[in-house]
Amino acid sequence: MSKARIATVWLDGCSGCHMSLLDMDEKIITLASLIEMVYSPTVDMKQYPQNVDVCLIEGAASSDEDIHKLKIIRLNTKCLVALGDCAITGNVPSMRNMYKVEEILNRAYVENAVLQQQIPRIGVPVLQTRCRPIHEIVKVDVFVPGCPPPSETIYNCVADLLAGKTPDIGATTRFGK
Amino acid sequence: MSSISAMPAPPSSDKRWKLVDAAIKRHGRAGHSLIECLHTMQECFGYLDEQGLKYVATALNLPLSKVYGVATFYHIFSLKPQGEHTCVVCMGTACYIKGAPQILAALEEKYGVKPGETTKDNKLSVLTARCIGSCGLAPAVVFDGDVGGKMVSSDALKRVEKWMNI
Amino acid sequence: MNSTLASQIVTLKIDGKDCGARGDETILSVARENGIDIPTLCHYDGLTDIGACRICLVEVKGSPKLFAACSTLVTEGMEVSTNSPRLQRYRKTILELLFSERNHVCAVCVSNGHCELQAMAMKLGLTHVRLPYRYPNLKVDATHTRYVQDDNRCILCQRCVRVCAEIEGAHVWDIMGRGIEARAITDLNEPWGASTSCTSCGKCVHVCPTAAIFEKGKSAGEMVKRSFVSELAAKREVYE
Amino acid sequence: MTAEELNELIEQEVEANKLFVHSINVCVAAGCLSSHADQTLDALKKEVKAKGLDKEIKVKGVGCMGLCAAGPLVEIRDASNAAQVMYQGVQGEHAEQVVASAGKQSVQSLVCDTSIPFFAKQVKIVLENCGLIDPERIEEYIVAEGYRALQKCLQELAPTKVVEEVTKSGLRGRGGAGFPTGLKWATVAKAQNKQKYVICNADEGDPGAFMDRSVLESDPHRVLEGMAIAAYATGANRGYIYCRAEYPLAVKRLKNAIKQAERVGILGQGIMGTTFNFTVEVRLGAGAFVCGEETALIHSIEGKRGTPRPRPPFPAQSGLWGCPTLINNVETFANIPPILRKGGAWFASIGTEKSKGTKVFALAGRVSNTGLVEVPMGMKLREIVFSLGGGIPDGKKFKAVQTGGPSGGCIPEQFLDMEVDYDSIAKVGSIMGSGGMIIMDETSCMVDVAKFFMEFCKSESCGKCVPCRVGTSQMYDILCKVTDGTATPEEIAMLEELCDLLKSTSLCGLGMTAPNPVLTTMKYFRNEYDAHIQGKKCPAGVCKIKAAQEVLV
C-alpha cells in the first residue's frame, strides 16, 4: 500500500498546534511509517502539491494570501482538517475583529513601536477586514478543536482518517483545551 | 414589610419637576407607575437625563438598574436631548413600500443626519417610527407632531427647510 | 409555590421512565431526581427560572410545542421526551447562536476549563460554529476593586440579575436595551466600581456560567466558581 | 346611573337633536386629521354661524369614515340621520359651498361616491358608529344604543349566561391568533380569586394596521362597554387599557370617555344601581412591539421591561400581579356590545363556519382605495383587494398581499380566490393578524420585504431568549447578503434552518412567527431569491446588488 500523502499548513496562528503535532513522542515514528509529508512548515516545499490525502490546517484566515492558499489547498486535498481553535473559531487572532485593520496596524507598528515607526506595506500580505474561521472560506471535513488540541487527539484523528474511519473527536478535546 | 422612604427633593428648582412630582404622587409612588412617570418626565424635558432617572428611582423606591433597564427597553424614551425640531419618518410597511426609505435618504443627503441623529447645530433630529397608523396616507412624516401624508422627498425637504432657515 | 399544586401527587413518564412527583415540581427537577439529565444554561438551583436560554426544551406527547423543562410544571399523565434527535439538533444550533453572538475566546479565558458554555459545547458535541461570528465591540469594566465584568463573554442568562435581586437583595444588576443590543448593567449603566448599591458580596461572580463576571487577579483557567448560592437560597428563612 | 336615568339622558339628547334639520359630520380621526380635517371642521362651524344657520345645521366631528386616502371626509345627513352626500378632500375654502348644499344640490366637484364597492360591500358591526357619532360625547354613543348591552347584562343575565352568549357567538380573538373568546372568558370566570383584571390590548403594533386606532378614536365608549361586560362576566373589577403612546388622539379620547362614563355612573362603583364595580385606567405603551404579547404586556403594565415569560401559566390563570386576567384586543371588545344586544346566534349567522362575524381590515400599500373596511369573514381576497380596494393604481400588476404584519406572510396571486378567514389564511402560511393588509405590486421586491420584516423583528426582539435575540440578527444578516447579491446556497439553507429553529424554540410568539415573512416569500417567490443569488439581479429593481469586485473573497 502506498503511503498517505499528508500536508500541514500554518495560517494565522501561533504554531502551537504544530508543536502539539510534533509532541506525540514515539508515536510519530509509527505515524511516519504510514505517511508521506508532502507539504508542511517542517518540509521545504514551496508549492502546495496535488493529490493530497489529508491536510491539517492550523490558524485562521486573516490575509488575502491565507484565502488564496485555502482555495488551492481545497482544490488539491481529499480531506481537510481544521486543526485547533484558530482555524475553527478564529480564536485569539480574531480578537482584532472588533477593530478596524488600520487601527490595529497603527497600534502595533506606530503607537507601540519604539524604532522605525511605520506600517509595513511591501512584501507582506494584505490583512482582510476580518480574520475568519477557515470553514467560512472553504469546506472543512473534520474539526479538531483545542488550543492546542492534545497530541493524542491529533494522532488518533490522523490514524482514524488513514484507516478510513470518521474520527471521533468529542470526548478528548474542546474549545480552549 | 417594606417601608417607604421620604419623598426625595427634585434634582433642581426647574418648575417642570413639579409635573413629574405630581405624576409620581398621583400613582401613590407605586413602583408599577414607572413607565407612566418616565412618560411625564420625557414630555416635560424632551428626554430622560441621569439625574431625573435617579430622582424617579428614589421616589418610586426602585433599583437604579431596573429604572435604566426600563428606560432603555422602550424605544419611545430617549436618553439624550433631541434637536429643536423633529422629523419622524414612518417606516411602517405601507410607508416603506411607498417610498419612506427614499425620504430618509433625501434627508440624510441634504442634512447629513441618519435616523436617530441630530444636526450639529442642534436644529433637526431625524427619527423613524415603527408605524404611526396613518397607512392610508402612506408615506407619512411627522413634523414636530404634525402628521403629513402622501409625502414625497421634496415635500419633506421643503417642510424641514423652513425650520432650518429661521 | 401554589399549595394546592404542592399537595397533588402526579405520575408521569420521562424518556419512558415512570416518575412520581409533586404537582408543583418542574419537569427539570423531576428529571434530575430520577437521574435523567436535561442540559441547562440559564437555570440555577435556588433562583427563579426564566426559560430564556431554551437549551432545556423538551417534547411533551400530544403537543406540537416544545416546553422549557426549567419552567414547566409536571402534570398527570405527561409523557416527556428529553433527548430526541430534533431536540439535540436545536440545542446545538442554539449553542452556535450563543457562540456567534459575542466574543468567546476560550483559550485565553479565566474560566477556561470551568465554563458552563464551553462544557455544554463539549457535551453536545459542538466542534464548530456554522454561523458567522458577529464580533461586537464590547466593554470590559474593571473599575470594581475585586471583580471584573466582561461583556464579551456574557450570554444574558440573567443569573447575576436574579441572584442580586432575589438572594442578596441589592438589585445592582439588570438588563438594558433589547434584542441583540441587550447588555447586563450595574445601576444606571455606570462603572461597577462607582456603584452605590453593590455590596461586593460576589454572588454574581459565582453564579455566572462563563467569565462575564470574574475575580480580579485570575489568569487563564484560574477562575473556579463556588456553588454556595443554591445552599443559601435553600436555607433562607424568616427569623422568628 | 340607573336605567331610568339612562333613558332620560337619551330623551334629552334626542330632543336636542330634533331642532336640527341637517348635520354636517366631519371625520376627525387621525387619517383625516393628517389632511387637516380640524381646519375643515373649524371653517364649517364658522360658516354655519356666519350664515346664522347654527340652529338648523349641526356641525360635528365624528370618527373614521374609512376612505382615509380621500380625506378630509365630510358627510351631510338629514334630521332622520339619512345620508344626503359624502364629500371628499374638503378643505376650509370649501366651507361655504358645503354648507350651502345642505338639503340642496350637492357640490359635484367634491362628491365622494358612496355607491362604490368600497362603501357598498361593507357590513358594519365594529365600525357601526364610526363616522356617525361624535367620539367625544358619551350622549351620542348612548343614543346609538350604547351601553344598552351592559344594561341588559347587569339586569337580565347572570355572568355565566354572558359567557355563554359570547361562546355561542363563535367570536375569536381579533388580535391575531384567533383564540375563541368565549373559552378565554370562561377560564377567567372559573378561576378562584378575589381579584381579577380585564385588560384591553390597544398596543396595535403591526406596521400597516390601524383598525384599533380608528375604533379608539371614533368610538371609544364601545370598547369601554365591551370591557365592562367582560368584567361583569368574569368577575373582575379593574381594567386597564394598554394603548400605544404613538396614538395620542386615541389616548386622549379614551381618557375623556372614561371620565364621562365615570361621571354618569357607567364606570365606577355600583354601576347602574347594581353591586357591580368596575374602574378602568389607561396605561401607555412606549414603543415596544413585543408588548402585544400577553405576558410582555402584563410586565409592561407592572412597570417592568416588556419581556414575555413562558406560558403556562396563562394570564387567565395567573396574569397581572399574579391574578387571573382576561386580555382581549380592541376589536374583540368592540364586538361584544352588539353580540350581547342582538344575541350570539345573530353574530354566528355572519361569516364562515369557523370564523364568525366580520373583520376590519386596513387596506394600505399599492391599492387605489387605502383605508378601513369591515367585511364579513369569508369574503374572497380578490374581492377585498380589487373590488373594495379598487385594484392596483398606475396600471401596475398585483404581486402579493401581506397580512399579519411581521408575524404574517405574503399571499401570492394564486390564492386571490381564497375566502378570508383565520384558517384559510393560516393554511397558506400567513396569519389573519390584527387585520393589516398591505398590497404589493411588481415594484416591490419580495426579498426586500422579507428583509424589512426581519429588521423589524430583530429590532423589536426583547432579547430574553437566545433563538429570537441572536437568530433574528443572523437571519437579517443573511437576508442582507441576499439583497446584496452575495449570498450562497449554503446560507439559504442556513436561513431555512434558522426559520425552523425560531418557530420551534422561541420563548414567545414574536420569535415563533418572525420566520413567517421569510418562509412565505421563499415558498411563493423563490424565483426572486434565485434571481438575487444566481442571477445577481433584483427583478423589481429595488435592491442594490454589489459589483463583483466589492465582494469579499
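Note that the chains are named A, B, C and D in the order they appear, and that numbering of residues resets to 1 at the start of each chain.
Rule of thumb we're sticking to: a residue touches a chain if its C-beta (ideal position, glycine included) is under 8 Å from a C-beta of that chain, and two chains touch if they have at least 3 such contacts.
All of these numbers come straight from a predicted model, not from anything done at the bench.
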Check your understanding: Which chain pair is joined by more contacting C-beta pairs, A-C or B-D?
Key -> B-D
**Study point:** Label of the chain whose CA centroid is most distant from the centroid of chain D
**Key:** A
Review point. How many angstrom lie between the CA centroids of chain B and chain D, rounded to a whole number?
Key: 24
Review point. Rounded to the nearest whole Å, what is the centre-to-centre distance of chain A and chain C, using the mean of the C-alpha atoms as each centre?
Key: 34
Practice item. Round to the nearest whole Å and give the separation of the Cα centres of chain A and chain B. Key: 51
Practice item. Could you give the separation in Å between the centres of chain C and chain D, each centre being the mean of its C-alpha atoms? Key: 39
Exercise for review: List, in ascending order, every residue of chain C touching at least 2 other chains.
Suggested key: 130, 132, 175, 177-178
Check your understanding: Residue numbers in chain D touching 2 or more other chains?
Key -> 288, 305, 460, 462
Exercise for review: Could you list the positions in chain A whose residues touch two or more of the other chains?
Suggested key: none
Point to revise | In the complex, chain B residues that touch chain D | key: 30-36, 38-39, 66, 69-70, 73-77, 91-94, 96-98, 129-138, 140, 147-149
Review point. For chain C, which residues count as touching chain D in their complex?
Key: 50-54, 57, 66-68, 71-73, 90, 93-94, 97-98, 100-101, 130-132, 134, 155-156, 175, 177-182
Point to revise | Complex contacts: residues of chain B adjacent to chain C | key: 50, 53-54, 63-69, 72-73
Point to revise | Complex contact set, residues of chain C against chain A | key: 99, 103-109, 112-113, 115, 118-119, 121-122, 125, 127-130, 132-133, 135-138
Practice item. Can you check the complex and tell me which residues of chain D touch chain B? Key: 30-31, 33-35, 67-69, 71, 204-210, 213, 245-247, 283-289, 300-307, 362-366, 370-372, 402, 405, 436, 438, 440, 443-444, 449, 452-453, 456, 460, 462
